[in-house]
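Shown next, in structure tokens, is the structure this report addresses.
Chain lettering (A, B, C and D) follows the sequence in which the chains are written, and residue indices restart at 1 in each chain.
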Amino acid sequence: MAGLFDRLKTDCSSEWNAYTRHAFVTSMADGTLPQPAFRTYLQQDYLFLIHFSRAYALAVYKAPGLADMRQALAGLKTIMDVEMDLHVELCATWGITKDELEHMPEASETLAYTRFVLESGLRGDLLDLQVALAPCILGYGEIGQQNRAATPHGPMAAAYQRWFGEYASDEYAEAASDFADWMNRTADVYLTEARYSNVRRIFSQATRLEADFWQMGLNAAD
Amino acid sequence: MAGLFDRLKTDCSSEWNAYTRHAFVTSMADGTLPQPAFRTYLQQDYLFLIHFSRAYALAVYKAPGLADMRQALAGLKTIMDVEMDLHVELCATWGITKDELEHMPEASETLAYTRFVLESGLRGDLLDLQVALAPCILGYGEIGQQNRAATPHGPMAAAYQRWFGEYASDEYAEAASDFADWMNRTADVYLTEARYSNVRRIFSQATRLEADFWQMGLNAAD
Amino acid sequence: MAGLFDRLKTDCSSEWNAYTRHAFVTSMADGTLPQPAFRTYLQQDYLFLIHFSRAYALAVYKAPGLADMRQALAGLKTIMDVEMDLHVELCATWGITKDELEHMPEASETLAYTRFVLESGLRGDLLDLQVALAPCILGYGEIGQQNRAATPHGPMAAAYQRWFGEYASDEYAEAASDFADWMNRTADVYLTEARYSNVRRIFSQATRLEADFWQMGLNAAD
Amino acid sequence: MAGLFDRLKTDCSSEWNAYTRHAFVTSMADGTLPQPAFRTYLQQDYLFLIHFSRAYALAVYKAPGLADMRQALAGLKTIMDVEMDLHVELCATWGITKDELEHMPEASETLAYTRFVLESGLRGDLLDLQVALAPCILGYGEIGQQNRAATPHGPMAAAYQRWFGEYASDEYAEAASDFADWMNRTADVYLTEARYSNVRRIFSQATRLEADFWQMGLNAAD
């Protein structure tokens, strides 16, 4: 039986493709993505991670039971205790200091996606929050898999390959799969057919905002 | 087809009876409820209405669509623009001034029920909020109907009869029926069998906290 | 003593000017704004009003006292009971049906500003929510005043003049002034110097997202 | 310079003493607290810890910056990764199984305090949430210190002494001190004199609900 994620992807296939096959991604794959585009992406992604942590904390708060609380806490710890430090290290290799990260302005596209996710969760229930988070967590996994054999050319080749490598890793695939299972378990309890159109709209909107986030990177290189 | 409310009442019949047939109610019906018990109830009910207004405002915020927003707004206006003024007038006939109402401490039982309702709504979705509100709105209607022929004796007879009269009125019955229909419509979209035990727990807890609210009145007369 | 709004405008003057003197506004004033730009703005503004209503409902919920609850409720009623109907009527004169309004997709820029406002309120307190709302309510008033003598040319002259007329009206000026007073009263209780940089950031971000909303209209005419 | 906690304790001294010197505590200190009272307390405290975790998760969500998020996350991990397991172990020594803990009904007093804390945080800001949490975290530390030399008599002596020992430990004192510092730092940014009466009311109400929680234990032994 296919889960909720597969159904959402199928029903939002044009948004999904526009996001997972965005020019930002395809030009990373062939190495033509301008360096300033990736640099801007990296900077904003730091701010993104902060609000993503807040979204996982909100999931702990909203969880209907202890098992869901533990699942959300595991995600929160991964982001705040591991990923944010890795991100700061990665930024350092680009000459972006921690101080710079903490003081730069948040782009409209970062504000849009992160606040949409958080507010969807506050307005609705845990399922709404998970569905709003799904394009990020599951989309990055899919982008990683699709580009695992990518061989970018040019001066940025190593950096872009490293990025794809991270999201194509078995560790990431397992984390994404855990998230999809968790969302599907929530859907087993909270999803009805009558509610589906609402859930699909959240997924569609979140996916569009993720594509906008890539576009923000591209725009920075114009 | 029986709606969600009937099912909840049946499944929580002992809590429901403990609330709707509480000694506070039965002694109002025969006129033996001590005056200080009713007075304390009246005072705390004012604070209750404030938080009840906040709960309807939260329902406007959480509503998944415009029709639900309008339904919740209608309830919010009824409480803040009509019921609170009526309540202040009623209190005045008891010699309780508006200033007194605004400065008295909130009883633990008032804190308990109101914050439970609000937090249930914030943690979950509109259905969780409606289910937490239901024992109040629908229980008062049922108490009114059950006691519409009550003939209290003694010095408080007129006051208690007036109270029952309000909740036995056609206007109140219609408002309660509208609320039940609204909750049932939400349940048509958002309720699953797998979720039902969680919804029942919210209803059971809210019903117990309503019984505690009656008991608070009785305790004041000890 | 100048209030919080004046201070915020001064400290965010570049964002404020980019918003209140945006090309969308100046081209409305001279009549050169393309009709599709205004049409798209009108459509998205309907969705905006729905979420703006939700923000006022949230203000009722978050209000620290009854006076603030009443102030927020008055705003909520104005939007849901008056402005939304007027907006539907205005759209009808453009051949945009109610059904169309209710089914069109929400633009990224609409998602961004509305969810930012709502989430700022949920994360923080009433002051944060008011500051996030201020660029809309007070900015429209300022745009109305600045362009009250505008004499647009061309086929859209009447429509654009009508729009400016609404926001230059004494009624709107009074509503905006009431809002500024309300925000200033909240600031009297809740604002500290140490907190000001945080409040300023919310104002700055909200103002940028309002400018993006104008830009969305312009982009639709490309 | 005395911090916010000292001021609140002084201004709410009667509620504070009623809580920290409650008969539940003093009879634990001399060993006369009936075993069923402590057993009921232990059981409900498990449910309390679940909602306390949710309150810390909410603090992560509401934190105005990364440092506050990290502080709240540290508290969340302590409760969910350490304290809850210790609590389950302690309950096991009393013959209370994990399954029993997970299925017992939540007492009104547990509902009251936990939902009050959570809703105070959602309505207001991080400071409101911290002030609502303070009576628990800081009160237990004070109760531990006050009774560190207690020598309970009778069959429950070891159990009660163990309990006091935990909250009189240097580890707990340090955790409590960290929390007070954190709340004081938040107050440095967010507290004004005009706001103080509101903050004091939250502290007073939360302290009363903590005393009610002790009383729930005593009532179970009647």
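By definition in this document, a residue touches a chain if its C-beta (ideal position, glycine included) is under 8 Å from a C-beta of that chain, and two chains touch if they have at least 3 such contacts.
The chain lineup, named per UniProt: A, B, C, D = Aminopyrimidine aminohydrolase.
Model, not experiment: these values are computed from the prediction.
K.L.:
To bring chain A onto chain D by a C-alpha fit, how many degrees must it turn, rounded to the nearest 5?
P.N.:
In short, 180 degrees.
K.L.:
Which chain's centre, taken as the mean of its Cα atoms, is farthest from the centre of chain B?
P.N.:
Chain centre farthest from chain B's centre: A.
K.L.:
I want to compare two interfaces, A-B and B-C. Which one has more contacting C-beta pairs?
P.N.:
When B-C is set beside A-B, the one with more contacts is B-C.
K.L.:
Could you put a whole-Å number on the gap between the CA centroids of chain B and chain C?
P.N.:
Centres of chain B and chain C (C-alpha means) sit 37 Å apart.
K.L.:
Can you compute the centre-to-centre distance for chain A and chain C, using the mean CA position of each chain? Integer Å is fine.
P.N.:
30
K.L.:
Distance from the CA centroid of chain A to that of chain B, rounded to the nearest Å?
P.N.:
The mean C-alpha positions of chain A and chain B differ by 43 Å.
K.L.:
Among the residues of chain D, pick out those that touch two or more other chains and give their numbers.
P.N.:
Touching at least two other chains: 54, 61, 118, 122-123.
K.L.:
Which of line, ring, star, complete and other names the graph you get from chains that touch?
P.N.:
Per interface graph, the chains form a complete graph.
K.L.:
Under the definition above, what is the set of chain D residues touching chain A in their complex?
P.N.:
Listed in rising order, the residues are 50, 53-54, 57-58, 60-61, 63, 66, 69-70, 72-73, 76-77, 80, 102, 118.
K.L.:
Residues of chain B touching chain D in their complex?
P.N.:
54, 106, 108-109, 111-112, 115-116, 118-120, 122-123, 205, 208-209, 212
K.L.:
Mind pulling up the chain C residues that touch chain D in the complex?
P.N.:
61-62, 64, 122-125, 128, 188-192, 194-195, 198
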